Every structure is written in C-alpha cells, then in structure tokens.
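Structures follow.
Both of the next two complexes hold subunit A, though its partner changes from subunit B to subunit C.
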Partner chain A sequence: MPAPPAHRLRFLIAVALGAVLGAVLLRGFVSDASRQVADEAQERQAVVTLQALTSLVRRAGGEGDAVRSAVAAWQSRTPSAPQARVFRADGIRLEASTAPDDAGDRAAPRRLRREEKPLYDRSQRIAAAVQTNREEQQARKPEIEVAPAGARLSLAGPLEKNGAVVGIVEIETAPLPLPKPAGWSGFLLALIAPIAVFGGLAFLLGEKRLPLLAAAVVCVAASLSWMGRAAVSELAAQQQRAAEQVAERVRDQATVTQAVATAQVLPGAAAAPGSWDVDDFRQPLGLLTPDGSVNPQRLAQAVDTAARELRRTLLGAGALALALLLLVGLGAFNLIGRSLRRHRQAYLYIAPAILGMVVLVFFPFTYGVTLSFTDSNLYNTGKAISDVWIGLRNYADILGDFAFIKRGDGGSFVNYLNFYWTLLFTIIWTVCNVTIGVVSGLILALVLNTRALALRPIYRVVLILPWAMPNYITALIWKGMFHQQFGVINQVIQLFGFPAVSWFDRPASSFLTALATNGWLSFPFMMVVSLGALQSIPADLYEAARVDGASRLQQFKAITLPSLRPALVPAVIISVVWTFNMFNIIYLVTGGEPGSSTEILVTQAYKFAFERYRYGYAAAYSTVIFGILLVYGSIQNRVSRATEA
Partner chain B sequence: MPRSRISEEFPHGPLHAMLAVAVLVTIYPVLWVFSIAFSGKQSLAIADLPPTPTAGDRLRAVVPWPEKLSVSNFTSVMSDQPFARWMLNSALVAIFTTLLGVFLACTAAYAFSRFKFPGRRVGMMAFLVSQMFPGTLMLIPLYIIIVQLLGLGSSRIGLIIVYATTSIPFSVWMLKGYFDTIPKELEEAAVIEGASAGKIFWRIVLPLAKPAVAITALFSFMTAWNEFILAATFMDKENMYTAPVGLRFFVGGFSQQWGYFAAGSIIVSIPVVLLFLYLQKYLVSGLTAGGVKG
Partner chain C sequence: MRTLLGIAALALAALASVPADAAEIVVWHAYRAGEKSALEKVAAAYNSSHPSTKVSTLAVPYDAFADKISAAVPRGKGPDVFIYAQDRLGGWIEAGNTVEPIDFFLDPETKARFIPTTMEAMTYKGTVYGLPLNYKCITLIYNKKLVSAPPKDSDELVAIAKKLTDKGAGRFGLAYAYSDYYYHAALQNAFGGYVFEGGAKPAINNPANVKALEYLLKWLDKDAILPAEPSTALITALFNDGKTAMIFNGPWFLGEIASNVQYGLAPLPKIKEAGDKPMRPWMTVEGAFVAAPSKNKDAAYDFIKYLTDKPAGIIMALEGRQSPANQSAYTDAKVAADPVLKSFHDQVEVAVPMPNLPEMTMVWSPATTVMNSVTRHAASPKAALDAAQAAISKDVAGLRKK
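Let's look at the complex of A and B:
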C-alpha cells in the first residue's frame, strides 16, 4: 500500500528550512555590511584627526619646541585620540610625543631607541609609498597606514616639508566602541512569520501539491523581501549617522586646530577642514563640503551604491533559500536520501576518497578557476574575490596578444613572455623529445631484441637506469655537467680544441641542454615498451615471410611495425602529456634562461604565480593549459578508439 | 634450433659497439655523480685544472674517477648537515602517504568495481579528468587550504594528506581494473556462507588483489619520495625539508655544495632505483593500459 501523500508536512519542513537559511544568510550579510559602515566611519574620523594634527604640525614648522607645544595643546583638547607622536626621519628623532611612556628621561625630543625600530620602519614604508605613487602618477601604495592595535586604531601619515617626506605623524585612537549587534526581533519574526502563515494556509488548502508550492514560495519570498527592505533602509540610516559623525569630528578638529594656532601664534592659513576627509592615498573622498558639513548629494549617491550592492547580495541569498525550499518541497532531497540509503554501502566505501578529493582536488581546482577571473596579486591578497573581479580580462590578455615579435630600437626581438611564444616552444619541446625518445628507444629495442646477443640482460639493466632515477636529481646532475667553467661537457669540447660554450646564455643552446637531459631520462620508457612488443611477435611470422622471399626491409614494414603499433601508440600518447608537463627538467636545468625564452607553459605559469606574484593571471594561464590538455585528451580518446575499431 | 632473423644477417660486433656507446652515454652521468660524491670535495669539477691546461689535464677532468678517494662527503652529509633529518621526513611522509593513499584507493576502487550506484560513471570520469588539472593551478588554493586554513605549513601531515589524495585517481583506476578481473562468484559464495560485506572486502577481495595493491603502494611511495614542487612550496622551515627539497638546497641559488648533493643523491636514489628495477614490468603494463583507456 503506498503511503498517503504528505505534501503538507514536506512543504512545512521546506518552508522552515528555506526561512532559516534565508534569514541566517540575510542577517550575516546585513551585519557584515553594517559593520563595514561602522568601521569605515571610525577610520574616517581617525584619519580626519590625523590630518588635522598633521596640518598643525606642519604649520608649527615641523620640528622644534613649537611643534611640541602645539602637539601638547592639541592633545589636551582631543580626548578621542589619547596619544600622538611626531617622528623625524632625518636624525631618527622622536620630535614630539604625548604617549604616557614617553615621559621623564624618555621624553621627546630624543633619538629613537633600538626597540622602537617598528616606528622607523613605518616611516620608511610611508616615505617609499609616497615616492612610488608620485613617480607612477597613481595611487597604488597606501600613504596613510591604518593598523588595528587591540580595540584601538593606530594611524600614521607622512609629514611633508617643501614636498618631501621628512617624517611621520602617528596617533592612536581611544578604544573604539564595539559595534552594537542588530536586534533579534526582526530576525525571529522573519523566521516565525512564514512558518506560521504557511501552516495556516496549508491547513486551509489541504493535500494539494501546486497550491501548497505557490503558498510556500510566496510566504518565504514575502518574509525575506520584508526583512531585506528593512535592512536596506536601516543601512541607509546608519550611513547618514556615520556621515554626520565624521562631519562632527571635522568641525571639532577645525575648532581645536584654530584655537591652538591662535594661542601659539602659528603662521599660515588653515586649510579647508573638509579636505581632511581623505582615503588611504590622501585623495579627498569628497563626501563633505570644504567647510566640513555633509554633502547631501554625494551622500545620497554613496547610500544608493551601497543599497544596490546589498540588494544584489540579498537577492542571491533569497534565491538560495528559495532553491532549498523547492528542492525539499518537490522531494529532490527525499530522492537523494532514498538513494543514499539504498546504496549506503557503496557510498560508505567511496566516502573517504571522495571527501579527500573534493577538499584537496576539486575545491582547489574550482577556486583556481575562480581566481582566474580576478586580478589577484601580491598587493591585494586580503581583498574579497568580488573586489578584484575583472571578468575575462586575464584570458583576453593571454590569448589576445599575438605580438610575440616586437619591434623596438635595434631591430625586432621576441617577447618571451608572450603566451604564443611559450606555446610554440612547448610544442617544439614536446615534439623533439617524443621523437628522440621513440627513435632512440626503438633502435635500442631492435638491437636488444637480437637473440643470443651476449650480455643482453646487463645492457638492459644499465639502459633502464635513467628512468629509475628521480628526475629532479637527473636534472640537477645535468645542470652541473653543463656548467660553463667546471662542467664536464665543456671540458670535452675544450679537449677537442673548441672554446667553452656558455650554455644558458642563448635560447638555442639552453634548449639543447634541456633536450639532452630529457632525452637521457625518457628513452628507456620507449625502449622497454618497444622491447616488450617486439618480444611478443612470434618468430614463425618472420620464418614464413622469409620463405616467401621477403626482404629484411619488407619484413620490418609488414611485420615489425604493425606489431609495435598497439604498444607504441599509447606510449606516445602518454609521453606527450608527460613531456608537455615536464616541470622539473625545465625549472631545474634551464630555469627559463636566458630571459624566460626556454619556459614551457607549466613553468611559465609557475613563475607568473610565484616569482611575479600575479596569482589571477597565473590561474588563467593554468586554466588555458588545462583546456589544451582536455582538448588533447578528447582527440586522443577518439583516435585511440578509431585505431581499436 | 631456430635461429634468429637478425643474427643471420647481422654480425654482433657492430651491435655491441652501438650498445657500448649507448651504455657509455647512459652511465656517464651516474659515474660522474659517484666520482663527485667520493671526491671528498664540494667542487663540481672532477679534477682541478692548472691555469694553462694541457689535453692530458682536460682528459683527467673528464674521466669519472676522483683524484682522491674519500667517503667524507657521505659521513658529513649525514652528520654535519641536516640530511639525515630530511631523509627521515621523506621516509615518514612517503610511508604514511602510502598507507593512507592505498586505504582510500582500495575502498573506493572496490566500490567502483562492485557496486552499481548513481554517480558511479560521473565519479570515475571526474577522477580521470582531475589527472589533467595543472599543478600550478592547484598550488595556490592548496597553499591557502593547507597552510593558511589548516595551519599545516611545514608539517609532515599536510604533505601526507595532499600526496595521498592526489595519488587517489591513478591508484583507483589501476586497482579497479584489477578488482574487475576477480570473479564475483567468490564473493557470492561468501555471502551465502553468511559473511558480512566488510569481511568479504578485507578477507577475500583484498588478499586476492595483493599484487595490484603492492604495485599501487610502491607507486604511491615512489611518488611521495620523489615529489619536489609541493614540498618546496609547503616546507618553509629548514628542518622540515624533505630530501628532494634538501638536495636542491645544496646546489640551488648561490650555494654550490656539489659534494653533499652528489652523496645525498646516491643515498636517496638507491632505494627507489632498486624498487624500480624490481617493479618495472608492472609499471609499464599499468601505465600503457591506463593510456589506452584514458
């Protein structure tokens, strides 16, 4: 007897699960966004304070007693930043300080102590950043360093004199207020309301599948959109408050600096306080008017952008929740669950392997492919993937750049970093190696196949040695033998009266070294494979051919080659992949010298990632390599199926 | 007695000459390593040349025999240098990789061979395709997972986990092929006798598949013993290097300790070379069979 339909119960569970997932995701994203707004506001206030103090220090001449008294006066009126220090790089001197530790015999001015090296380093970093940005005409390195120090923020910005960085001004904020967590009431309402409403509706609708489905979707979607709407408007209000806080701080600092400047009789005019509100690169944010009040237009824009971003994320979360609802509601999970139960044993056996593969093979692969759509590099590793997303640009850069021969002054030259050059080189490398391997392996196999040849087993064991040796050791040995001054190969060349060759100075000779190394280690494989195939040819075949009067060449063509084919074709196929991916030989023997001309695709990708630190670009490069291998694999599959048929 | 076709027409003399050349080319680098290792010096030249070398001097520098025999490179690489420690790291990593990898591969291969379940074909295909994932694409995410998330940088466990899982696909394909050849009737008989599924797997199937399991184990061992890139990426601390990373350390960059390198190479190579020579015929059939299927 089939069980009575339990649509109502199933949909109720689906609604509950969908509502929980949606509400949890929503809450997560919203509190993330709100924390971000709060953090940003705190940081902006701190930066404003730092900039105000910096302007004061600059007006006080940047050094001497004037600075010290100005800083002290400023400090007494600025409780939001309980300590400030001014450091001069020339003379490695602490010029002024209000830190409680810097009192008594440690009071400023004094030379920096050994244990205060971090302060010195910080100043060097900032000076270098300003220099770099100025030279490159762009904002790449942060000129204001903001570092969390416990619950406080420690900020440092450059102190300039006549356009040159002469030191830094450093402040530490008071402990920041903990962001207050969002209330739970909305969350609980969004959780309970849809379940309750759906429960009522289900009671009315009865065991009808489609109406139940519609009701479930509407309930969850409505509650989530209500929660999302509330969150978006809450965020806007928070941004408004944050902007006002910053404006408040600007006005406060404007009064403080004005008061200090008048009391100390400092020369120069005050800068517009609104210009203190800058980003890490000291570029004005423009959210305030010059006099330091909120710029309503810009604020509305900022609120709009943030709202749009949050809405997009929330839509994604809502879609996820609805998908879960549909899956459960329509019984897909039942199906999966049933299959899991029925094949429990099989899944139990493969579970450990699959788990390992998913975590350490498939997930990294997916992550790598995702990385290939970003501009991830050494300078932005901390950022979220969506912040460095650049779509297909890496692929366009790699595949769209055909100019591997460049014309410059002094003739045309090859751009060795170009993808197509490396691809061409890799193909040449693969073809040469496989040809060498097959030819030498086949010849040696034919010779070794001679019956009654004395010492045959000894020859065989010796000739197989290169395959047995770990290939990184082989590579390093050959690298040593090709050494320009002490290498054995140059000794032999000089023995015959020729000058020593510096192997790694020209692409062609560098290529030869890698070729020799790889040829040495790859012929035994072909030899063993061919020998196995040759030994399986029955001697009668040759006997019969001879009786028929076939010449040796005819015998070779008609008997030997066809019998070799089934063994050699797969061997060639697999050795093409091996050679194509032969990282160790290229990396350890030539190292790409000279000037990356002898890189193959895999070593080039490695260097992009680990020597040029362009992770996103390297990932795209590797994905292209994967594509090439996949195409090769499917072609080879078709070919080998055709040869079998 | 039937006589061979080639020997009738080919004198053995030229064949021996050809083989002798091949043997010379093959064995010279090996002899070179031995003469550097036993020279007792760190130089990569076999003999020091005078400022104006004669042909005789040059010949001396080519003949692979050290000027002075000494085992000091071997003794000091094992005692003064942390090489013994690196060997220990390599051995531990390789042994546990083998144990873990073979366990994972055996159970998975058995399921793929014996059970019909949804996802079976997809799983096998996924394993196959994963063999084409370029290592450079996996390195950065693996680094993030192993070093940054799991905090297993410079630890043997991290390497073991990575090696064991990356060796799964090849091992599974190889073992599944062998399991397929074991007649099912044996297991059916055992079921009738009342044996549990676990018992059948451990007591009947695995013992029958011993040769294939042995090959898989040795394959995993050799892969872990010889691996270089991952180890070089994960193992930052010098005392956690594996032997391959350590050997590179001797002669990479600006260091030129060729004597240590040569002695270390010989110590590292001997076990794998012996294993390899013992196993080569299985390896060839396994690899080419995989090639046909792949």
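Let's look at the complex of A and C:
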C-alpha cells in the first residue's frame, strides 16, 4: 500500500532549510563585506597618517635633531597613532622614536639592537619593493606594509631622499574599534517570515505538489531578496561614512603637519593632503579631491562597483538556498537517505576506498582545476587563491593562440611553444607509437604462436624482458645509444662508412629516437595481449577454413583478426592514453630538444610549471589535457561498446 | 625500590648535564665523499667549542635537494641552515619565507673577509641573504707536454692552437664546450656582455653579446682551432688522449683527467679584440643560508659565520678540495702551496657571479638554442639573439603580469 503523500510537511521542512541556509549565507557575506569596508577605512586612515608623517620627516631633512623634534611635535598632536619610529638604513640607526620603550638609554638616535632585526628587514624589504616596481615599471610589490599587531595596525612606508630609499617611517595605530556586529532582527525576520507565510499558504493549498512548490520558492526568494536589498543599501551608507572619516583624517593631519611645519620652520611647501590617500603601491586612490574632501563622483562609482559585487555574491547564495529547497522539496534527499539506509553494508564497505579517493584523487584534482583559474606563479605563491583569480584568461591564452607558424625576417618558422603544435605533435607521437606497438606485437605473437616452434617459452621470456625493466632505465640506456660520438648506433653507422648523425639536433631525428625507445617498451604488452587471444581461438575454425579451401591470408582476415578484436581494442585504448601521457620517455630521451620541438603536452605542462614557474598556466594546460583525454575516452567507450555488441 | 630510585636519580643527572636550552641547529647539504667529511669535521669542531649549541648535518641527495628546500622550508619542516649555490636564491626569496636576510647580523669585518664577487652572489636586490662558502668557475687547463708556457692573450692562444691543430688526425689546439652558454659566458663577459640590464630586464641581444658570438665564430671558422659539436665526453676523451692541448673547464673536470696526463692550470687568456680584457667566466658560489622559519636564527648565523671563517675554510679547502670564498684561507701555507687552489684563486679575480635572479631559469633554454644555431651556422648571431630576447621577454612578462 503506497504511503499517503506528505508534500506539505516535506515542503515545510524544505522552506525551513532553504531559509536557514539563505539567511546564514547572506548574513555571513554581508558582515564580511561590511567588515571589509570598516577595515579598509581604518587602513586608509592609518596610511594617510603615515604619509602625512613621512612628508613631515622629509621636509625636516630626513635625519638629525630636526626630524626628532618634528616627530615629537607631530606625536603630541596625533593621538590616533600613539607611536612612530623613523629608521635610517645607512648606519642601521633608529633616527627618531616616540615609542614608550625607546626612552632613557634606549632613546633615539641609536644603533638598532640585535632583537630589533625585524625593523631592519622591513626596511630592506620596502627598499627592494620600491626598486623592483621602478625597474619593472609596474606595481607588483607593496611599498607600504600594513601588518596587524594585535588589535592595532603596524604600518611602514619608504623614506626617500633624492629618489632613493634611505629608510622607513613606521607608525602603530591606536587599538582599532571592534566592528559593530550587524543586527539580528533582519536575520530573524528573514528566517521566520517565509516559514510562517508558507505554513499559512500550505494550509490553504492542501496536498498539491506544484502549487506548494511555487509557494515555497516565492516565499524564500522574496524574503532573501528583501534581506539582500536592505544589506546593499546599508553597505552604501557605510561606505559614505567611511569616506567621510578618511577625509576628516586627511584634514586633521593637514592642520597638524601645517602647525608642526610652522612651529619648526621647516622648508618646502606642503603637499596636497588629498594625495596622502594611496594604496599599498603608493598610487593615489582618487576618492578624495586634492584639498582632502570627498570626491562625490568617484565615491559614487566605488559604491556602485562594491554594490554590484555584493549583489552578485548574494545572488549566488540565494541560488544555493533555492537549490537546497528544491532538492529537499522534490524528494531527492529523501531518496538518497532511503538508499543509504537500505544498502548500509555496501556503503560501509566502500567507505575506506572513497576516503582514499577523496584524499588522493579528488582533492588534488579539484585543487589543480581551481589553480588553473588563477595566475599563481613564483612571485605570489603566498597569496590566497582569490587574490590571484583571473578567470578563464589562462585558457584563452592557451587555446586562443593559433599562430603556430610565425613569420620572421629569416623566413617563417614553427613556434614550438604553441599549444596546437604540441597537440599535433602529441597526436602524431601517439598514433605512430600505437601503430608500431600493435604491428610488432602482433607479428611477434603470430610467430610465437607457431605450434612446432622449439624453445618457445625462452623466446617468450626474452621478448617480455623490455617490459619488465623500469622504463626510465630503458630510456636512459637508449639515450646513451643515440649519443653522437659514443652511442652504439652511430658506431654502427660509421662502421659502414657513413658520417655520425647528431640525433638530437633536428626535430625529425630527435623524434625518431623517442619513437624507437617507446616502440621497444610497448611491443611486449601488445604481444602478450595478442598471444593470449590467439591461443584462445579454437583450432577447428582453421581446420574448417582449410577444408573450405581458404588461403592463409583469408584465414588471417576472416578468423584471426575478428577473434583478436575483443582483446586488442581495450589494449589499444589503454595504450593510447599511456602514450599520450608518456612523460618519462620524452623527458629523459629527447628532453624536448631541439628547441622544445619534441615536447608532448605533459612535458610542456611540466616545463611551464617548473622551468617558467607559471603554476596557474601549467594547471590550465593540464586541465586541457584532461579534457582532451576525457573526450577521447567517452568516444572510445561508445565505439568499443559498439564492437562488443 | 631503592635501586629504582637510584637509577631514576642517575637518569635525571644525566639529563641535567646537557644544557636545557641547547640550541639545535640542523644543517642540510648535498655533499658527498671528501666534501661531506670535511663539513662534518667543521661541525664537530664547532660542537666541541660551543657547548650551548648542537649542530647536526644531514646529507640530502643532490637531485632532490632544491625541490626539497622549496617544499619543506617555507612550511617550517626544514633545517635551520642549508648550503646551496646562488642560482636558486632569487627564486626562493621571491617565493618568500625560505631564506632569512642576514644583512642585519653582518658586520663590516665579516663582510670584508670574503672575495667581494662571492659576496655579490649572495646579495639580492641590495640585501645579503647568505655567507659565501666556496666558488667554482672555469679556467684554462693545459697539457704540459704539448704546451710549455700557457698563453697570456688571444694572439698567443690562437698561434699555439693553430700549430697543434690537425683536423685530419683529430687533433685540436683548443677544445671546450663552447656551444654551452655557461662556458661561452667567459667570452661574452670579456666583451662586456650581460644578460640582464637595469635590474631584471632581459637584454640578451645587446651589441656586446653579438660581438662575443662573432668572435667565437672567428675561432671556429677562420682560425679553425675548435672541434665540431664539443660534448663534455668528447672533450674529456680528446684531453686524455693528448689530442687537444688546452681546454677551458672547472674543478669538477680534474677528477676525470687520466693519471698519465701532466696538466697545468692558468688563468683564461686576455682577448685582444675585446680591448685586451681578460675572459671572465661565470662563477657559481655555494652559500650557507639561514632558513627563514628557523627558531634559532642567532645560533644558526653564528654557525654559518664559523663555517665560513678561516680555520673552517682551510679544512674545507684541504680535505674537501673546495675553493673557499674566505680570502684569508689562502694565506695558509698549505693552501697557498696547492697549485690547483691557487690557480682557481687567481682566476676568480676576474670571474663574474652568475645572476641569481629567478628570471635566469628562463634564459637557459633560449640561450642554448642561440648557441646551437649560431655554431652550426643556422642563424647569424644578431638574428639568433633577437629571437632569444623575444622568447625570454615573453616568458618574463608572463611571469610578472598581474
């Protein structure tokens, strides 16, 4: 007897789960965004303070008593940054300090103590960053370091004299105010309202599946969109407030520096205070006017961008919540749960294997695919993945570059680093190898299958030997045999009076060496497979054919080949995949020589990762290789299923 | 019961005799044979004279060494000190949290004790990251039976070499791996060539590099004193058979010279066409580095300072057969009397440290292509270098773009 439908209950649970997930995610993202705005405002204010002090130190000549008194005067008027230090790299000298510890016999000026190495290293790092950015004419390394120090921020920026970095100015802010947590009322409302409303609607609608579904989706979507809308406008207001705070700090620091400069009679003119609002690379953010008030147009733009970004994130979260609702509401989870319960034992048995697969296969695989969407390279290995995210650009670079023949002044030449050239080469390499393997393996199998052959077991063992040796050893031996001067192959060639060939100098001859090596390695497998299949062909088939007057060739075509097919097709499929990714042979025998012309896709990916240090690009390359093999595999699967039938 | 207590008390006493705060310094290196035992001897000497520190050394197979450092050190699983050549230094610094800057510890006296160029190899963007331990570079090695006095300049070199060359009999006056960019760099530097300019901007197609390649072609074609396709194996065979009189090679080659060959060492000749400037080989400098995540950086620095001091340098030179970077080690009577150590010390005067920029890894493959195509006359020096410049610039830009 089928159970009575319980759509209402199930949809109620689904709405509750969807609303909880949606509200929790939304709240998480919104408070993240709001904390980011708050942090950024604090950081910008601190940077403004640092830049103001730096300009003051520079005007005071960068060293000596003038700097010390200017810093002290500035400190007495700046409670927002309770300590400041000026460090000069020449002489490893603490030039000025208002830190409470640096009093008495530790008062500036003095040489740094041994335990103050971090300050020195920081100065060196910043000087190197400024130099690097200048040389590369781009902003790659942060010139202002912002580091959290407990609840405070510690900032350091370069102190320059005549364009050269001579030290750093470092400040520490007052403990930052804790960010105000977002209110709970909106969250609770977004949680309770859809459940209550849906409860009422469900009562009215009765056990009808489609109307219930529509009502559930509408309830959750409406409440989440209301919550999101409120959050976006709240964020805009917060950004407005943050901008005003920064502007206020700029004006405050402008008066402070002005007052100090007048009191100390410092030379030089005051810089435009609006220019103190810069990013880590000391590039102006442009959100303030030169005199330090908020630039409404630029602010509106910034608010717009941030709102658009938040809206996109929230839409994603909402979609996730709705997906959960649908899955639960339409009974998918119910089904999975029932299956888990029914086949408890089976799932228990495969659990260890699944765990192993997750750790050893799925995690690295997912990580690799994720990496392929980033610009991860040697310079940014320490950064979070979201900071180096570049979307599909790696794929566009790899797949969008069709220029594999380039025209230079010396005629046209092949660009061996091009993906399509390497793909073409890999396909030629695979086809040649599999052909050689199958043909030679089959011929040897036919020979070994001769009944009256003496010493057959010995031949068989000898012919399997190449397969039994580790393939990198075989590869190195073959590489040695192709050596231009001492290799046995050239010795033989010279024996017949021909000049020695330098095998690795031309793409074609270099390809031949790899082909020979891999041919040597691949025939035993094909031979064993064919031999097994040959021996299982019943002899009476041949007898009957002979009685009917079939020739040897006819027998081979009509009996041997069709009987071999079920064994050979899977072997060929496997060996295509092996050869396609045959890293060892190419890497060890030709090494891609000459000039990367004999690289296959995997060795090329390896070189992008470990010679050119472009990890993200190499990951994208590997993902493309995976895609190619996936397409190949699925087509092969279909074809071989057809052959089985 | 009483005996048990007694044993416990004894054990406690034994534990207490080791200072509780003994800093443990783990050193990773890739040395074998003589170099390894020399390093272990220095470490043992340090341990006996510094009871508050315990240094232990661990030999790591060379093939895996660099990757092991890259993987283990930034995650805090590595040693406190490691020894490696300067070519990977830039990469490790850019990757971060691997090599500790030691500029701050470094006093002027310590800095002054090293050959200045070896110190330069340890410096990256103005900051010193390690203390130089030893250096390797190529020099002129000649067969004393065939050459009575080694050539001082290129004219003499060509004159001697021409006399001794007989291509039909497979004899060559001069042989070296000239199509290997590392070896060619000596000639390139004589003409004032370089790979990077203004920091890390690739500039391999500069006019000096073109001139150096054209000069190499003169030796190869006009003077015809060089064998074709000079593989390392070929050079070894020619030198040991007495079929070549002079080669340019480094300390690693000395072990391969047959015992019946009487050889001498001399500085690489001056090049007349380069304004009488000497050939300046690239040198690799092995340095001792403090690992950034080490918990005992002070003690680690103290050890590498000891390791690169004069007494340690003498041990490493005489027992490890290394050329120490510490200048004062050469004032030792035994070191000064050693002809090999002295010759390499003479050569290092003009040697140039190989760039320690991470961008250098992107140079090797295009540069090899240049050398192969130019020495086989498949391209003119200028065209080949222009192509290499384009390839290197593209790779470097690919690495740096944001």
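We take it that the second predicted complex is superposed on the first by the 389 of 645 C-alpha atoms of A that agree within 3 Å, B and C clash if a C-alpha of one lies under 4 Å from a C-alpha of the other, contacts with A are read in each partner's own complex, and residues count from 1 in each chain.
The rule is short, and it goes like this: contacts are C-beta pairs under 8 Å (C-beta built on N, C-alpha and C of every residue); 3 or more make two chains touch, one makes a residue touch a chain.
Every value quoted in this text rests on a predicted model; they were computed, and no experiment measured them.
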If you stack the two complexes on chain A, which partner ends up touching A:40: first (subunit B), second (subunit C), both, or neither?
neither
By the touch definition at the top of the document, which applies to A:486: first (subunit B), second (subunit C), both, or neither?
both
Go through the superposed model and pick first if A:369 touches only subunit B, second if only subunit C, both, or neither.
first
For A:207 in the superposed arrangement: first (subunit B), second (subunit C), both or neither?
neither
Is the number of subunit A residues in contact higher for subunit B or for subunit C?
B
With both complexes superposed on chain A, which partner does A:552 reach: first (subunit B), second (subunit C), both or neither?
first
Thinking of the overlay built on chain A, is A:309 touched by subunit B (first), by subunit C (second), by both, or by neither?
neither
Per the contact definition in the header, classify A:387: touching subunit B only (first), subunit C only (second), both, or neither.
neither
Subunit B versus subunit C as contact partner of A:605, first or second or both or neither:
first
Shared subunit A surface residues [contacts with subunit B and with subunit C]
483, 486
Please output the residues of subunit B touching subunit A within their complex, sorted ascending.
2-7, 9-10, 12, 15-16, 18-19, 22-23, 25-27, 29-30, 32-33, 36, 43-46, 53, 55, 58-59, 61-62, 103-105, 107-108, 110-112, 114-118, 120, 123, 126-127, 129-130, 132-142, 144-145, 161-162, 164-166, 168-169, 172, 197, 201, 225-226, 228-229, 233, 244, 247-248, 251, 258, 261, 265, 268-269, 272-273, 276-277, 280-281, 284, 287-288, 290-292, 294
In the complex formed with subunit A, which residues of subunit C make contact?
91, 94-97, 101, 103-105, 124-127, 198-201, 229, 231, 233-234, 237, 298, 358, 361-362, 365, 369, 372, 376, 379, 383, 387, 391, 395, 398-402
Any idea which subunit A residues touch subunit B in the complex?
339, 343, 345-347, 349-350, 352-354, 356-357, 359-365, 367-369, 371, 440, 443-444, 446-455, 459, 461-474, 476-481, 483, 486-488, 491-492, 494-495, 520, 525, 528-529, 532, 539, 542-543, 546, 552, 555, 567, 570-571, 573-574, 581, 583-584, 588, 602, 605-606, 609-610, 615, 618-619, 621-623, 625-626, 629-630, 633, 636-637, 640, 644
Show me the residue ranges of subunit A that touch subunit C in the complex, using the header's touch definition.
92, 112, 114, 117, 120-121, 124-125, 127-128, 131-132, 135-136, 138-140, 375, 377-379, 381-382, 408-410, 417, 483-486, 502, 505, 594-596, 611-614, 617
